[in-house]
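What follows is chain A paired twice: with chain B in the first complex and chain C in the second.
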Partner chain A sequence: MYREQQITLGLFYCQNVPESREENRQALEEEFGKSLRLFPIPCSGRLEPVHLLKALERFADAAFIITCPVGACRYFEGNHRAKKRVERTRKILSDIGMEPERVGIAIGSKEAPKTLAQQAREIFREISLLGPSPVFGQE
Partner chain B sequence: MITAEQKPIDEIREMIGPFKRILVLGCASCVAECAAGGEKETAMLGSALRMAAKMEKKEVVIEEKTLDRQCVNEFIVLLDDTIDQYDAVLSLGCGAGVQAVADMFPETPVIPALNTEFLGETKAQGLWMENCLGCGDCMLYYFGGVCPLARCSKQLFNGPCGGSVDGRCEINPEMDCAWQLIIDRLSRFNALDRLEDIYPPKDWSRKQGSGPRKIVREDQQR
Partner chain C sequence: MPSKYAIHTLAVPHRFKSVSRSGIIAWEEGCLKCAVCVKKRCVYGVYDNRDLDPMQMIDSIDNQCMNCLRCIQGCPKELIHKSLNPEYKALGDSYWAPDIIAKLWYQAETGKIPVSGAGYPGPFSGPGFDSMWTDMSEIVRPTRDGIHGREYISTAIDLGRTTRHISFDEEKGLESGSARILDIPLPIILRTPTFGAISKDTINGWTRAAKGLGTLMALPQKMISSTPEGSAPWVIPMISPEESGAPAITEETRVAEVPWNEEVSGLVGEMEDRYPSLLMSVRLPMDHRAEERALVLAEDGVSIIHMEAAWNGVSMGGDGGFLKDGIRSVHLRLVEAGIRDEITLLSSGGIAMAEHVPKAIICGADGVFVDFPILIALECRMCRRCTKGLSCPVEIQGASPSWVASRVRNLVGAWHNQLLEVMGAMGIRDARRLRGEVGRAIFFEELDRATFGSMGQVEEGCELE
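And then the complex of A and B:
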């Protein structure tokens, strides 16, 4: 169903997110096809604005990061940093006239943890309202 | 270290507007340390400008490169083979870097992408403070390693002014009082007697009194 919408999501995720092992990633890619490009990273603190920007420039209609819950980062502040970097990227997108909502962050919940697949589906629902990126729409 | 901040993207886009082939040129020295013009920031700016151009259906080529140092000719010459491919350089170097590249390639417009700010210290992650004015006549010895010109809001050579509260500056309470720091440090070294002297007004001719300064070191020259 997502393939028909022709929206591509670049999804970065912390490898400590529940059910984010290699087999989970492969299963998701099989389900979503080319609409989903997954990028496992050892901690969301590794994410830089340039990663999100390059994804948007090259292939993605939206680029998101999934992090561990607040206070549960294995490296203490990775998710905190990721949040700030997403905010910075959003500012850059605003400056160039693109919807800042094309980048985002999904912060896990300690009380109700969600798997990688569950969060990916939620993000897809969120971005499907945005439509294709203007970067590719003009080609 | 020389600190800088990126100019607003609108201003950058206006300046590069007339050009079709642009080299976004980073510098991996000072401006990389202050997260303004290093390889990462150069990639971000290049990416943002390409996307902006695509959204406006503009046919432009924007490529990136980062030199180890933009203010040293030995590094700038590395552009010799490729500079002809571009009709402008958007430099993320400091003001010295921009001008050094422009000197080396007089036929190519070199556009600044940064506002160069000050000689700074990396105080903490994401925090840079101006600690030196580059006056050309360092007096840090007399003031316990704290420069009253750079760090006292009133630039007092014969302080303190008496207005600080709890070690904070009365002009800007977010700042430490430089004279409190000076007295604390000199006390630690039993050197408060250095403040017995009256220091005359600064001789600014050592800074820019006779135009741009230069340093000549014959032992370093060919």
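And then the complex of A and C:
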């Protein structure tokens, strides 16, 4: 698979993340172009390892989830569960010999809430060190 | 009697997984591992062949779920939840609401009338067309053997102008040239929307659909080269004075459109003289001057007036008026002047649902232009990414002309059936007779004024206790 961009991020986020409405999403996509694919989900607990792994398999160099702050989940334990699932996915990645840092979670903070755009930029900074994923590297 | 006009539809699947209204959230943690899990008992089997579309991250369970909620109620540990999908809520805007978009998708896919099930949970009145209620009192009679039954309900309308009286020439023959009429089998004309990730194939498909339906497709001059060969009679070229290049009108063109300006009547006369069977339509922005301008146009002998409202049906003049009131005022003005029957009045802007067609006609239009629904029929999400140069999530530009044509055919087929239902229920068997029939509708504002108008007013000098 040939891709032009250096790094592509698949970013899932819970609908409670501040400034994560459709207009914010489009503004971010305008800024990052094809290197960012955004997936709003009703609750971060909806995320399963298969989502992250499929993203890594098909298009992403890294796949992250942004959740609402601990204790703020509408479904009580969604973000808590998302964290466990990310850990499980990381384990799978290291078992198959990939960097576990390619998946990650950003848990919102009640005291210092960050917008979707701020978090996306931080995650980009974090993953820029990783380089392109070996999944797409062989061609 | 001519053979019955019918639109034959055939299910045409989506190209992409559609955004579902709600999603299932199922926890794994805490699962009791019951011998027979509620998921296994799903009557629709949605959990069995679960599949994830990795590019859109759409889980097949959400599209297949029929909302019976058995699994949610049945799980002993209450691990399954259902939640509104944030992507669904973000579809469209306040006018092109998610439910309208989803219903248009359904109609374009199946060609069937959407049925929402028992009970109506929504409000009884709202802004725009929602403040009109149509009369359904005759629902038992004409539809006795169905809308396609023995009784013929005609949805055909005439475009063009008629004369006030017949005149004869010296040889006692009928003076010709005064009446110019084109009839189309349904009061719906297609028109390109003002945005959309469309390509030559899309335009080709839309034009094919218009031809197949026997109606017309209005296209800006520069798009006409994308229409298939031999489709000129079904195309309405929207001529813009600024645009140069090949003239868009051929001998075969039956209707053409020009935007309104002070001298437009002269141009219209010239064109109609040059092409003996051509009907000219003048596109008039809907605002507070529309009444006056329409009257002048009618007196000048223009054949068709197209009243254009904005994409959400509101006035172009920024005064907040809605299409239905705009049509009504122009229609009534022409009636008062005694020349309503000499001219055709079409309207566009904000026609989003099948019921808007009969409602616009009741307000006084002869027919309507449908624009965004023919884009939404192609799975458009009204996200407006195309207007910012972003990629279209449903790659409309890549759809084949035949797919486009069948989707639009399905949509119009479903609308036509709803029009027949509504007309049947009103006891009206000819769409031409529905025009201006305000007796077949109740206007909420009028009812509200008549019932509560005198109440709740505090007379001066009176103290409320």
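By our rule, the second predicted complex is superposed on the first by the 134 of 139 C-alpha atoms of A that agree within 3 Å, B and C clash if a C-alpha of one lies under 4 Å from a C-alpha of the other, contacts with A are read in each partner's own complex, and residues count from 1 in each chain.
Here is the rule we go by: a residue touches a chain if its C-beta (ideal position, glycine included) is under 8 Å from a C-beta of that chain, and two chains touch if they have at least 3 such contacts.
It should be emphasised that the depicted structure is a prediction, and the values quoted were computed from it without experimental measurement.
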{"item": "Which superposed partner A:I92 touches (first chain B, second chain C, both, neither)", "value": "first"}
{"item": "Touching partner for A:V135 - first (chain B), second (chain C), both, neither", "value": "first"}
{"item": "Chain B versus chain C as contact partner of A:R21, first or second or both or neither", "value": "second"}
{"item": "First, second, both or neither for A:E30, with chain B first and chain C second", "value": "second"}
{"item": "Touching partner for A:R102 - first (chain B), second (chain C), both, neither", "value": "neither"}
{"item": "Residue contacts with chain A in the superposition, chain B compared against chain C", "value": "C"}
{"item": "A:E57 touches, of chain B and chain C: first, second, both or neither?", "value": "both"}
{"item": "Which superposed partner A:P49 touches (first chain B, second chain C, both, neither)", "value": "first"}
{"item": "Contact residues common to both interfaces of chain A (with chain B and with chain C)", "value": "48, 50, 54, 57"}
{"item": "Footprint of chain A on chain B - complex, ascending", "value": "8-10, 40, 43-44, 47-52, 54-55, 57"}
{"item": "Residue ranges of chain A touching chain C (in the complex, touch as defined)", "value": "12, 15, 21-22, 25-26, 29-30, 34, 39-43, 45-46, 48, 50-51, 54-55, 57-59, 74-75, 77-78, 81, 84"}
{"item": "Complex contact set, residues of chain A against chain B", "value": "48-50, 53-54, 56-57, 92, 95-98, 134-136, 138-139"}
{"item": "Chain A-facing residues of chain C, complex", "value": "23, 25, 27-29, 52, 54-55, 57, 81, 83-87, 90, 383, 385, 388-391"}
